Amino acid sequence: MSGIGRRGFLSGGALAVAALLASPGRSRAETGPASAGPASPGLVEDLVAANRILVDQGVLDGYGHVSARHDRDPNRYLLSRSIAPELVTAADIMEYDLDSNPVDARGRTSYLERFIHGEVYKARPDVLAVVHSHSPSVVPFGVTGVPLRPLYHMSAFLWPGVPVFDIRVASGGMTDMLVRDPALGRALAQSLGARPVILMRGHGNVVVGVSIPQVVFRSVYTEVNARLQAQALALSSNVTYLDPEEAKKVEVSLAGTLGRPWELWKRKALAK
Amino acid sequence: MSGIGRRGFLSGGALAVAALLASPGRSRAETGPASAGPASPGLVEDLVAANRILVDQGVLDGYGHVSARHDRDPNRYLLSRSIAPELVTAADIMEYDLDSNPVDARGRTSYLERFIHGEVYKARPDVLAVVHSHSPSVVPFGVTGVPLRPLYHMSAFLWPGVPVFDIRVASGGMTDMLVRDPALGRALAQSLGARPVILMRGHGNVVVGVSIPQVVFRSVYTEVNARLQAQALALSSNVTYLDPEEAKKVEVSLAGTLGRPWELWKRKALAK
Amino acid sequence: MSGIGRRGFLSGGALAVAALLASPGRSRAETGPASAGPASPGLVEDLVAANRILVDQGVLDGYGHVSARHDRDPNRYLLSRSIAPELVTAADIMEYDLDSNPVDARGRTSYLERFIHGEVYKARPDVLAVVHSHSPSVVPFGVTGVPLRPLYHMSAFLWPGVPVFDIRVASGGMTDMLVRDPALGRALAQSLGARPVILMRGHGNVVVGVSIPQVVFRSVYTEVNARLQAQALALSSNVTYLDPEEAKKVEVSLAGTLGRPWELWKRKALAK
Amino acid sequence: MSGIGRRGFLSGGALAVAALLASPGRSRAETGPASAGPASPGLVEDLVAANRILVDQGVLDGYGHVSARHDRDPNRYLLSRSIAPELVTAADIMEYDLDSNPVDARGRTSYLERFIHGEVYKARPDVLAVVHSHSPSVVPFGVTGVPLRPLYHMSAFLWPGVPVFDIRVASGGMTDMLVRDPALGRALAQSLGARPVILMRGHGNVVVGVSIPQVVFRSVYTEVNARLQAQALALSSNVTYLDPEEAKKVEVSLAGTLGRPWELWKRKALAK
């Protein structure tokens, strides 16, 4: 993988990002909503790392996306242009308003399903990062009615329950399965409610968090939990899940340890 | 893997390919059917990349093959000589007529089952690329009567149904399981009909497409779908598959996004 | 992975470790218990290698830890500061007393669950090395009541039976699932008894041994056995496990061969 | 993995091997049976490659071994000294007589279970190469009574049936599970009969062939078949296996293609 030129992707990063994101000279009418100005270079670096980490961990493949709310303006978010997550660099990060209009597209293609991100940021002021993936072990839970439940402490954050969004119900008819407009995004955000994870029937899932490290952690352990839960159910129909009280307590305890895997994952992702 | 000398496999590619494929000075009687002339270097490069990508993605191992219809003559197709797909370079690509006679073998061995490709190209003018693999997760579906069905949007292209070709029925007796002559190839193509994928009992499968990126995409997500469908069936006998209408719609929507994984896959394959 | 700078982690290792571990000039009242002095550089090297090996073998991810009893003082043990195991170098190894107080923390964070190690060393004088992991294939056995049993000779050491520690029972109420104090560590050590492995419901497992190579070997083959046992139970409810007499005999025979995988694993781990 | 110094392992290989294997000046009484003289360097190179290939393909881990009959004397065979297969170089290859006495041990440790090889070579003059492994997906078939059967053409060689050797029955009592003497080796060879593969209850399996490439091919596809058969049985109890007549025919057809994966596997193994 070292052959695909990842090293040095941040050379001159801060300046480049500033240039890319901030175009104060352009009028909004011409080019979209006004920019909130350059995001923190650290946030952009973490967002680039998150794309690669989620590939390394088997959550994303050539599809899926991760976004972060802009750190200067809660009404803007950052998301790569439409490319495979493994290839994302700082120069690919675009700025969107919460209606998911690009601030300064300059011909770059947007992900069709960016509305997932915008509508979740609107509905959930606490959320600062969003992942949409087709995380493989999770997909079967979205099509069988078997609820995803926390099997062990690492996935304790699943304790509020994991709903399944069926786009056919939300839209009242047959769709192309994609959350391709604000209305579908709103319906998804409504089904998510205050929870951290929602499955999408015949599609994938959405995970939200208060930071990039947290949303990455949750995405990874949602995938692991799904795999382990399927294995446990194959062994026995009588599986002991975490009690919600246990889960709430360990979620708090683990919150302070997220830096441990994050440091590892980021180091490996950026070394490639 | 960098040790196996993939880098630079295209050095002087266009010229070499031209020289290899076009032998206008030779008479057909001596050496096989006439050449359509050199194929586009881009097509040959994509075909080489497709071989490696399908190995990277776990669809091919030391066996299996991928072909493309010649871009100058619909009555010719391109396929590697008989080597492991991971080792294929531009110099290994041979030209065949639709009866699967090599244009200019020069001592190179042909795959025994090249008739799969030739007969599918004859029967399906819309098809421009063909993959034959022993894609592992798919094999069990070919021997159990459990139909492969699209579980999620990425494998929506499976909506027309996936038939199983039983060579014992087609040949009316015991064979060596290989599609080793035109008649068996024709029988397979007939069973395939207008569909994108067919399983071969006790053997593997064939996937077709309108382009190399599409046939690679379909091969990868046929494998993934088989894995996820088996997992879903282990969780519950009550699995919700894509509705055909949903599937048709999302197939159209995703058609425009194939370049996203293709760019990633090709970059990684050619970097090795 | 070569990008994360593992080579040379032992440069000047012995001296550095001596400096880190021995702080005879400091009074205990200020900084914790007295040091036993520098551990053998070979022991520290093996402990660093063990961290990486257990990641390479899929037993540890960004969490979990492995310790060794100090070779100069049975009342001290060695354990990394709180970082991901894959990143551990000799400079991260800290010294603890058996109450799990750090000898010389110097601001370094300790693992919350270090009490597992200290209390096992107290209760089991024969134990010289301890692994705590969330070894994935093992987790389902901890939540289903299906006993982990030795399926083949490599996991013969499981013959005394593998108990499941339920922290809810041990604590008499809802906890955060973590063995975060001496009392919980003592309860776990008591449930372990004289056995080599114990599962922790909804969490992971603990493996003990008379040396670092042995505890690594046992951790690896506990994971493999869990995977194979689940596969066997999926094939048939009638599985033949090792007879305890067979298991005891082969455990003795294999004891002399541990150097074989250990040499391989260590070489690969330290080459990264 | 490139860090473990595999490149150049054959430098001066032919001479070194000649020196290692042939010790005509030593009397047999002192050092074991007489040497057959140096084996062909190509055979030794293939044997070294086979060790690494079987690790690359997941058949061997830190344990297991592969041997070849000596090409100058059918009463001698070649097998590495007792180290992990991934580390084997030409200098580690030892010569044994068919009673499994080393010709010239010079302090090198022999595998405890070398009698598997010697006794199979005695009983089966057609066999030129033997693999003993704990190939993971195969182990469950050895402890459940579910017969391993050829699911697809790649594993057609399994058509004669795969017996299970139970060392407890063969020895008439509890053993340490190891084939550690000639009598147990003979019992195993007798159970194998004329077949290509035998399982060992609670242990692993033995695969034989007429060449190193064939025994490697068979070992790899025995593992793959076991995995796919387990998946098929999870989908349905009604699995269609190859008809023996089909299997015999395709076994003949594939015999001519073994060079295809072998070339790939060897190139990758020796490049490390």
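Every chain is named by a letter (A, B, C and D) in the order it is written, and numbering of its residues begins at 1.
One rule holds in what follows: contacts are C-beta pairs under 8 Å (C-beta built on N, C-alpha and C of every residue); 3 or more make two chains touch, one makes a residue touch a chain.
The structure displayed is predicted, hence computed values, not measured ones.
When chain B is laid over chain D using CA atoms, the rotation angle comes to 90 degrees (nearest 5).
Interface chain A/chain C: under half of the residue numbers present appear on both copies, so the contact uses mostly different residues. Chain centre most remote from that of chain B: C (centre = mean of CA atoms).
Chain centres here are Cα means. That of chain A falls 34 Å from that of chain C.
Put simply, the C-alpha centre of chain A and that of chain D have 48 angstrom between them. Multi-chain contact residues of chain B, defined as those touching 2 or more other chains: 234.
If you sketch which chains touch which, the chains form one closed loop in which each chain touches exactly two neighbours. Pairwise, the chains that make contact are A-B, A-C, B-D, C-D. Against chain C, in their complex, chain D makes its touches with residues 1, 3-4, 61-63, 82-84, 86-87, 112, 134, 136-137, 139-146, 168, 174-178, 180, 201-204, 230, 233-234.
Interface residues of chain A, counted against chain C in their complex, comprise 2, 7, 151-154, 156, 224, 227-228, 231-232, 234-236, 238-243, 245-246, 249-250, 252-253, 257, 260-261, 263-265, 267-268, 271-272.
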